[in-house]
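Shared chain: chain A. Partners: chain B in the first complex, chain C in the second.
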Partner chain A sequence: MKALAKDPLFVVALAVLTLHVVLALLATHVAPYPFDQMHYDAAMKPPSTTYWFGTDRYGRDVFSRVLYGGQITLAFGFGAVAVCFLVGLPAGLIAAYFGGIVDQVIMRIMDVLMSFPTLLLGLLILIIAGPNLVNLILAVGLVYCPRTTRVVRSAALAVRQSTFIEAAQVRGERAPYIIVRELLPCAWGPIIVEFCIRLGYAILLGASFNYLGLGVQPPAADWGALVQEARSYMVRAPWTVIFPIIFISTLVASLHLLGDALDEWLKEGDVA
Partner chain B sequence: MLKFLAARIVYTLAVLVAVSALVFVVTELLPGNVATMILGTDATAEDIARLTRLMGLDQPPAQRFIHWLGGVIQGDFGESLRMQRPVGPILAGRLANSLVLAGIAFAMVAVGGLALGLVTALNEGTRLDRVLSTLAAIGTSLPEFVTGTVLILIFAGGLFSVLPPSGYDGFRDGTVDALRHLALPACALAVILTAYVGRVTRTSVIDALRSDYVRTARLKGLSERTVVLRHVLPNALVPAVTVLFMNLGWMFGGIVVVEEIFVFPGIGRLMLFGIAERDWPVIQACAVVIAAVYVFGNLLGDLAVLAINPRLREWTA
Partner chain C sequence: MPDALLGVDALSIAYRSAKGETRVVRDLTFRIDEGEIVGLVGESGSGKTSVALALLNYLPRGGRVVTGDIRYRDQSLLTASRRELRRIHGRRIAHIAQDPASSLNPALRVGLQLEEGMLRHLGISTAEARNRALALLEEVHLRGGERILQAYPHMLSGGMQQRICIAMALACDPDLIVMDEPTTGLDASTEAAIFDLLRELKAHRRLSVLFISHNLAAVRGMADRVVILYGGRCMEHGPTTTVFVRPLHRYTQMLLNSLPTMRGAATGDIDMPWQAARAPAEGCPFRDRCDLAQPECGQEQVLVEVAPAHGSACRRWQELPAFTVTVPNAANGGDSVPGDWNDNDVPSPPGREAVIAVRELTHRYRNSLLAAHSRATRLSLDKVSFELRAGEVLAIIGESGSGKTTMARCLVGLAQPHSGSIVVGATDVAALRRRPLAIARNLQIVFQNIAGSLHPRKRVGTILERPFLLYERRHATDDQLRDLAHSVGLRAEMLEKRSGRLSGGERQRVALARAFAPRPAVIVLDEAFSALDVSMKMKVRNLLQQKQSELSASYLLISHDLPLVRSMADRVLVLFQGWVCEVGQRRIIEAPPYHPYTETLVWSALALESLKPSTFELRPETSADTGTGAAGCRFHQRCPRKLGTICEREAPPQRQAGPDHTIACHIPVAELATLQHAEWLPRRGAEAVS
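The block that comes next holds the complex of A and B.
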């Protein structure tokens, strides 16, 4: 942990991520206006002391909308990753532990899911299910669960052949016990890295669906939808898109940098 | 080798049929009776029944799927509900535009990504490496709608007005005009992958630089240039090219967003049109074609890796 705390990228990334989470959690207290309150006399105003990030076409406060957008973004990000792990964690562990035909069946199902381009599969799911926050979470989660399954499986495979697993089997422990108490604790490292990276990608994909209008519906808007809303007048009022862009980029970049730093730290630990 | 090729092609075709079936099932589940959609809500029950029979919608789904798949193989995607025209010809034109866009972006990724990886790896640990590597890490965090919007703000109306933000219309007005319209969308499409390929290349070049055969080459007294060109590059390129081609199909997914931003007349926007209009033959056709490009892109990737890595050829033969 010492080496990690000295890595400036890791510290900055962790700080940025924390800031995002805190801002989203406190959005209702921090935001100066409700996210959908219109001020017709102050439409498309540049940033000022009254409206920190300026206002959009309907005179809605961009700062407030970005803060509430953060709530939605983090909600579908964490929600989708939860779906990924609900499917991928048991599937990956079971595939690695039992191997053989079980492994084959699980991984071939994942292969079929992966043979779609991510965006297309998500689009198809959202077309049938209809555009809303819950379906967005399910769509992004389902699209990415094969990747999580693969990571979990290969992390578990790396410890599968260890003597302590064999010892547990000889001891007469049952499979669920071995998987949860012996296999899982040794595979945590790659799983945590996967969590960070996957959260970043889930936010990217979800925001892209919102940008295409297939996720949360107006007047609610995440950062993707905010950029979409302002498309027709963004050259005249660039603040309407710049702030959502800064927020999504810093959040996802912090997650990726965090994942990278953790990954490197874990690998160094292996060598030592 | 041939056996592997044959197996890989059979697998690709099987995936394509599976994907088509899935697309068909999905569009079957679309809410709304098709006949009612065409005739409007105030059509009589008899009219709706007649059109349903006429379009073959009263047949069992399995039979309709086989009929539809048979048409797709011959390039017949049925008729668009909104445009009242066959989908095939519209799709062909749009696909051509998208392939041009994807091709240019792919070339950018190949050149940019490999160069980025090589430069950072050869300067490992220097300030240049740290700056470029951090930029690459941030680059993989930028979705297409962000890069596209930023590019428009910088080059197409915000800071400068040097490139058009939309209005691509093929090569009708000359190559220069077409390329000017392609520049921003291709960049938006290429940024995230360039960063990704750059990172993979950096890792594999660094691994190669630390290998025994490179140490031997250096101890033999070869110049650093020869070592890099003859010993490091051929080995380091394998993972880089693998990732590059594996993402050929992935890029075709991102094209939907990029086409929406730049109002580009490609297959992605055609699909979004189909979704907005609930035009299921259009959705089916676009989804199957995008999936097919993706699957064939992956096949192409496997073949490319096979071609540059002799070791794999022996294993799989």
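The block that comes next holds the complex of A and C.
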């Protein structure tokens, strides 16, 4: 853990991520205005001391909307990844441990899911199920779970070959014990990295759906929807687009960097 | 003294890590003269490979020569320019690496790799290089000329690959060859053949060799002088005939004492403490394992010239107890050849019931894709039958590919046999998918891959407690865990450590302790000794023997190490390509009659100790054993005593060669015995051993 605390990339990434989470959690207290309060006399105003990030065409405070949007963005990000891992973690571990026909069945199903373009599959699910936050989470989770399964499987497969797995089998251990207590602890590295990176991807994909109007419905808006709303007048009022974009990109970048740093650290831990 | 061919002078090597610099070699001085073979002997971690790498200017990143000098003739290799080094390395100093398979490029033809160096260093034409390459193949006894030059490395056997590497090293007619464990990973017969070749080359070419090895027997047979390393320091150096006969350092004495041999008694009676994780940096590095250590041993030790050209770093060399090794050689070797097998036959304890009975066990690899391409469908085990009796040590010996590891895996349930039965107690477990816990408990295994058989992230205590939780559904008491750790010489603090942080020797002991924990009836030792240093081997063997009398357990010892088998086993089973060719008491590997295959194994082992009978020729290597026809003896293609077509056509009969001794061969037992005795008796005087 010491080495990790010294890694400047990790520290910065963690600080940025923490800031995002804290801002989202405390949005109600930090935000100067409700996210849907309109100020007709101050539409399309550039950033000022009253409106830090400026206002949109209905005179809504962009800063407040970005903060509230963060709640939605983070909620569906974590939600979608939770769905991913709920499916992918057991599926990947089981496929890797048992191999053979079990592996074939699980992985071929995942292949079929993965052969659809991500956006199209998501669109299909959202159009059938109807656009709302819960469905959005399920859709993104489902679209990405084959990828998570693959990562978990290959991480576990590398450990599967180890002699200590054979030693456990000879000892007479049952499969669930071996999977959870022997296989998983040695496969954490790539899995944690997958979690961070998948979170980044999920947020981006969620933002895409929101941008297409298939996510949360107005007046609520996540960062993707904020960009979409502002699209038509972004030349006249660029601040309406720039701030949500900065928030999305710093969040995703921090997640990726965090994943990289953790990966590096776990690898070193194995060597020592 | 004239300039040495290679002079190493007060060499110290250090590696830099996050924790600072660690010295792996300190103040090492030795020289190699022309036409001399110097053996550099040491256990793992003694720094011997670092010395080799420093000679080749090939220390890994972070490693550097701190002080001292390495001189080739009159030129320092440490200050030489890159251009000068390129002229020396490969041309004047050649290197033969540990693993031939990985030192040859799999994508290039052998011929090209062989000629490359000559084209580069000698500036000769391609045609000339080709001719020299063919001559080199002749010299290393590879028949097949052009055909071998056209082959890719994977098409050759391990022994042939190593011969190619030797040819490559010889290509530019170097003065010095550095060999780093040149035969690790080769079968005993291949190993013996390679050593034969090296001795021959030494005689013909006046080669100088730096021979780095942990194999004491091989060094004894090969080297003119030896340097014994421990903890990066020279413990003793001198002529092989002196150092290995009358060693004057306690470490050398202990090493020689714990070396099992094919002749004479393996003793192992100098009792050393278990190896510590790291040798002390100051003073005598061996002192915390030395039974004669005194407080003064913590002071700086100096090499004392105890006799001309013989140095010892032991300050008390004059007070050491007398220790003399009788080198088994042509002169006294004859006395130790047991005369008749009846003489020293220890009858097996009668009435011992079988704990495991294996009947007609057959195993084949199920991967049909691969099988279609390889020679027909070779069975990895073919109707193997034997029983493991209560309280005995049964050794299964054979070369790699003989099916001995498959046998072990079938026994413990990691491989599914095709047919046959394995009866443990009263249950046939061969066809069971999942074995009852009671049977699993009674059948523990210690794997070859020690480090890998322990979960790296778990604490030692957790690992040792698992058998209690699994088999008895209860937590082990602290006392039990501590006793378990103590029984294998681990301190109680170790229980808190993660297994990934332990040294190799400590892990081996944790693995043993885990196997002992449920007090099993049978422990399978699958090449469990192969990764251990000489001194550790004896410690572990003694521990196993002590535990055996405590638990009255039976061991199934899977091994290719005949001297070790001889020092441990009660009975021996010989496997060749999944087929049992001989089974009997331990003395079946000590005296004729042998099955011809056992004979080649025994003589390879003897040859490694320079005890080879002169009239016997090991068969030249073939690139692969082609599968045998359905009927004949499996061994006929390699058999030195093949009778004729009967061996190809008919399966050999099982002949009773004595009480509890069966040989499967067409040659009658009495004739085998006569033939094989004759091998030893005449011409013994002619075979002088260096």
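Keep this in mind: the second predicted complex is superposed on the first by the 266 of 272 C-alpha atoms of A that agree within 3 Å, B and C clash if a C-alpha of one lies under 4 Å from a C-alpha of the other, contacts with A are read in each partner's own complex, and residues count from 1 in each chain.
Everything that follows uses one rule, which is that a residue touches a chain if its C-beta (ideal position, glycine included) is under 8 Å from a C-beta of that chain, and two chains touch if they have at least 3 such contacts.
These numbers come from a predicted model, not from an experiment.
Room for both chain B and chain C is found when the two structures are superposed via chain A, with no clash between them. After superposition on chain A, the vertex angle at the CA centre of chain A, spanning the CA centres of chain B and chain C, is 90 degrees to the nearest 10. In the superposition on chain A, contact of A:Gln217 is made with neither chain B nor chain C.
For chain A, the partner that touches more of its residues is B, with chain B and chain C as the two candidates. By the document's definition of touching, neither partner reaches A:Ser154: not chain B, not chain C. Contacts of A:Val235 after superposition on the shared chain: chain B is touched, whereas chain C is not.
Of the two partner chains placed by the overlay, only chain B lies in contact with A:Ser249; chain C stays clear of it. Between chain B and chain C in the chain A overlay, the least Cα distance found is 8 Å. Chain A contributes residues 162-164, 166-167, 169-173, 182, 185-186, 270, 272 to its touches with chain C in the complex.
Considering their complex, residues 9, 112, 115-120, 123-125, 127-128, 130, 200, 204-205, 207-208, 211-212, 214, 224, 227-228, 231, 234-235, 238, 241-242, 245, 248-249, 252-253, 255-257, 260 of chain A touch chain B. In the complex of the two chains, the chain C residues touching chain A come out as 412-414, 435-437, 440-441, 443-445, 447, 449, 452-458, 466-467, 470-471, 500-501. Every residue of chain B that touches chain A in the complex is listed here, in rising order: 15, 18-19, 22-23, 26-27, 29-31, 134, 137-138, 140-146, 149-150, 152-153, 157-158, 249-250, 252-254, 256-257, 260-261, 271-272, 275, 283, 287, 290-291, 294-295, 298.
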